[in-house]
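I'd like to ask some things about the structure below.
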Amino acid sequence: MAESGLLEDLYREIILDHYRQPRNRNATIEPTCSADGANPLCGDQVRVDVALVDGVIEAISFSGQGCSISQASASMMTEYVKGRTVAEALQGVDAFQQMMLTGEAPDLEGFDDIASLVGVAKFAARVKCASLGWKTLAQALAEGGGTVTTDDGSR
Amino acid sequence: MAESGLLEDLYREIILDHYRQPRNRNATIEPTCSADGANPLCGDQVRVDVALVDGVIEAISFSGQGCSISQASASMMTEYVKGRTVAEALQGVDAFQQMMLTGEAPDLEGFDDIASLVGVAKFAARVKCASLGWKTLAQALAEGGGTVTTDDGSR
Amino acid sequence: MTSIAGLPRVEHLPYDIARIRRDFPILKREVASGAQLVYLDNAATSQRPVQVLAEITRFYRDHNANIHRGVHTLSVEATELYEQARAKVARFIGASDPREIIFTRNTTEAINLVAHSWARKFLKAGDEVVVSEIEHHSNIVPWQMLRDERGIVLKYIPMLPDGTLDLDAVQSIITERTRLVAITAMSNALGTIVPLDVIVARAKAVGALVLVDGAQSVPHMPVDVQALDVDFLAFSGHKMLAPFGIGVLWGRMALLESMDPFMGGGDMILTVSMEQSTWADVPAKFEAGTPNVGDAVALGAAVDYLSALGMDEVRRHEREITDYALRRLADVPGVSIFGVPDAEHRGGVVSFELEGVHPHDIGQVLDTKGVAIRTGHHCAQPVMLALNVPATARASFYIYNTTAEVDALASGLEEVGRFFGVRK
Amino acid sequence: MTSIAGLPRVEHLPYDIARIRRDFPILKREVASGAQLVYLDNAATSQRPVQVLAEITRFYRDHNANIHRGVHTLSVEATELYEQARAKVARFIGASDPREIIFTRNTTEAINLVAHSWARKFLKAGDEVVVSEIEHHSNIVPWQMLRDERGIVLKYIPMLPDGTLDLDAVQSIITERTRLVAITAMSNALGTIVPLDVIVARAKAVGALVLVDGAQSVPHMPVDVQALDVDFLAFSGHKMLAPFGIGVLWGRMALLESMDPFMGGGDMILTVSMEQSTWADVPAKFEAGTPNVGDAVALGAAVDYLSALGMDEVRRHEREITDYALRRLADVPGVSIFGVPDAEHRGGVVSFELEGVHPHDIGQVLDTKGVAIRTGHHCAQPVMLALNVPATARASFYIYNTTAEVDALASGLEEVGRFFGVRK
């Protein structure tokens, strides 16, 4: 069916897998920095806790609630950045944002699962969901932590 | 020409005559009551002064500026009410308003010239011009005088 | 000013759903997946019939001009059409005087107008404004802004778990200090029909005014401002077959006359000098600048369309569809429905959740089946908070919806459940 | 949010008046007398081309939905179209960021928004707002209301007898206490083009902001907010081929961000709880409630239409017509023209009087010839006061007007003179 094709574009199996069995969700870690993110218009909320040791993300946890896309994306994000340096993590954030903008998956080591989210770029309303975990991570890594929102006043 | 017919419907000869030679305009009288009227959206202004003796309009004057319709109508009004009782004058005001509403000339003694304004009823935008003098007269005759406007907030 | 008596009569038409659907060509549209549209997002905005679209085009193609008291033919015609639309709207809601109809952009502007022009003038610190917990943000935020600016007290009539208002609390919450009760006639999030009579009675008893948010009631059921015995009514054209960009504030003439203007500008003045200006009469006083003439005229056509169907019939149809939907969705595994269980006390709005699936995902999957529903907080975050959910999925009906479309929704939901692995 | 870079390019079209006129079927209309319409009331509102009307219909027939972040196809499409229109408008006036475009109902609302959200927040008693004597009421009354409410000082740059501003006075009137200069780019009553550079330079020198009322400039000449170096620009869609009901406030992003919301309601919030709400980002913060999506999209089409012609060409055409009209009307017995004598310094607006005939009567008689002009105070009573006339007659031109239509006006005026017995 035509519609199934479209659906599977968005909801790849790996995404549903992360949604049903999120990684690093509510993990018990001792965070050195944290941030909260919200997409109030969908009701998506996420908190990202990071344990940084010598510029390397030793441990990470996310919590919150949201749609499958936002939850799966946050789960994949934690898997990707764990063990990487802050610089590498931020590069990942950039690569992700770029993918949402262009609809093309980047050629980045370790990004294979994440690349399954490329289909989201076609669904303008969902890009904010997918980006939430990543933006919140960037916020946590930035000086001071704090709160981000993916509602930029556009509709 | 079709357009000429329409035009002459509005601007009957008798109207133009009153416009060019207004009666009781800037007459010197000793008023017992007065009122100002304005149609600010056209810039029409009129003042009506009345000398009442024992309930009879002994003398009347109007002044101000405005389009041919408002001036001619005020002029005709003064001719009509001079020498009549207040009750008769107010009956005339009613009859005039009625004519503007229905587009039919009333069968009233002394109303022949005034009936030439019946064509105005077809021109919604001009009804206010034609009514100005009459409304101002009614205001002058009412307790206290004062200011009226023919802008009723409609367009 | 056009009078109500001078309006042409509206011919009554039998309620023929096939004919009605033909008036809405968009219903034949396919979405990206190739599925045919099933439009169930009517509480957000309705679709527009060809009659209304034709009226817009006709206005602009044949009569377009600015209405500011022009003397030329087009301007006279445009003015007449605009004022006729005002009279049609007045007749539609039972107002006696067309001048009591103020054209605004939407419900939101209508409520803000009252907050600005009435409340800022007449309320002082400590005065109470009462709203309810089931209000749309448009009937909350203006009062919060006023509270923060002027120190009025804002109180809420609480919502019970079934989505109705706590009517017992009405007596204690509306007090002698209450100056205004601003209340929705129907919740857009849950469909709850509010028993306005109870609230109006209490408000009258304490001498408070009543503003009704009719955004969801005026499009869907008979509304008569005289019978309601309220003071203000706000609603939006776009939810009742008219274009975006036109809404209405109705108010009692004496009240409107007592109020200050809202915005300043052309057309709301009597005179302007460099020193001082004086205001035009109602309704012009509240319609600063060039109004949305074209869409007001189209609202007149929308009102004619609804009147031809008859608002009793509209309500009957929606009640039937809603009743069917409530029963049909209850059978879908994992679905729970929020709000009152019977269609008698709710409008054509069904908010629900599907166990284990976020509303956003429900909406997305349904979209691939052509089924358009709304997901989110529906601009009613206090309701979401009270229900303890981040968002809901909402299907909402209008004159053209069919039971077959409800079936499409139900079977779509079954597939959503399968897709996300909801256990049966 | 749609970016400017992502917009399709607009193909340039040669300025072919016959083709342009075919896009406006209303120009073939006859008025009651049977005469063909000669529409010379463009400063009040323009006519709309078939392309714009088709866009309205297309939007409602194919894509209509509420844009409030819906997940279904129609809502996504409607949102895209709405945001694309925002980007088109941004490109049209040289704004770098589409988010700087706030959709309002009209110029009047745009100016009131600044008075409410910027001035009420940042100005205190004694602060000065400077306008000019040739402003439209929409750029006077909001400041008078603010003055009466907050004790700001309102000052006027005087008009000289030829309808231009007294530029010498600019230096002394705009002072160190001036916080805002709100000034029209072109007078709607006289057509005067204001040398904004002089005023902007002085405003900058004292650190005041500049708001430009572009209601008459944006439709008729190239306008680039970067080049103008101003802070706010307000204009109306209905004067530039778009429908009624849609207007624009452009503002510098940092300014817009610093401002309070205008109205409260749906879509301008980030979160709402019963206790407190937080605001959405610009532009949503200023667009409370359901926006006029359909007419915004149509404004996008109007802007495309004008861009295809090229605003330089539009201005050239109007200058030619105006030049012709100034010369042609000067020959009509009894006519005197107000304002600057050359078309170089005026827009396509010619205000005049005819000796011994009230403007109202001029307009009425011309109407029977099909010639539609505006008569009255043109919402600029201070100008009327300065000219010492109760009203004027005004002809105003747009892209579709021809010299033949100017001839129709002139011969119509000759007949008016004969009819009312103006001596030759």
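Order as written gives the chain letters A, B, C and D; numbering starts at 1 within each chain.
The rule is short, and it goes like this: contacts are C-beta pairs under 8 Å (C-beta built on N, C-alpha and C of every residue); 3 or more make two chains touch, one makes a residue touch a chain.
Everything numeric here is computed off the predicted structure, so don't read it as measured data.
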{"item": "Pair joined by the larger number of C-beta contacts - B-D, A-D", "value": "B-D"}
{"item": "Farthest chain relative to chain D (centres taken as mean CA coordinates)", "value": "A"}
{"item": "Centre-of-Cα separation between chain D and chain B, whole angstrom", "value": "38"}
{"item": "Whole-Å gap separating chain B and chain C, where each centre is the average of the chain's CA atoms", "value": "46"}
{"item": "Geometric centre distance via CA averages, chain D-chain C, whole Å", "value": "31"}
{"item": "Residue numbers of chain D (touch at least two other chains)", "value": "32, 68-71, 75, 267, 271, 360, 364, 375-376"}
{"item": "Shared interface positions of chain B, touching two or more other chains", "value": "40-42, 123, 126"}
{"item": "Footprint of chain A on chain D - complex, ascending", "value": "1, 67-71, 75-76, 79-80, 82-83, 99, 267, 270-271, 280-285"}
{"item": "Touching residues on chain B, where the partner in the complex is chain D", "value": "2-4, 6-7, 10-11, 16, 20, 40-45, 65-69, 123, 126, 129"}
{"item": "Chain A to chain D touching residues, read off their complex", "value": "40-42, 123-126, 149, 151-155"}
{"item": "List of chain D residues in touch with chain C within their complex", "value": "25-26, 29, 31-32, 37, 39, 41, 44-45, 47-48, 53, 56-57, 60-62, 64-66, 68-75, 105-109, 111-112, 115, 133, 136-138, 140-145, 156, 236, 238, 243-247, 261, 263-269, 271-274, 276-277, 288-295, 360, 363-364, 366-367, 371-376, 379, 381-382, 385"}
{"item": "Touch list for chain D against partner chain B, complex", "value": "32-35, 357-361, 364-365, 368-369, 375-377, 384, 389-391, 419-421"}
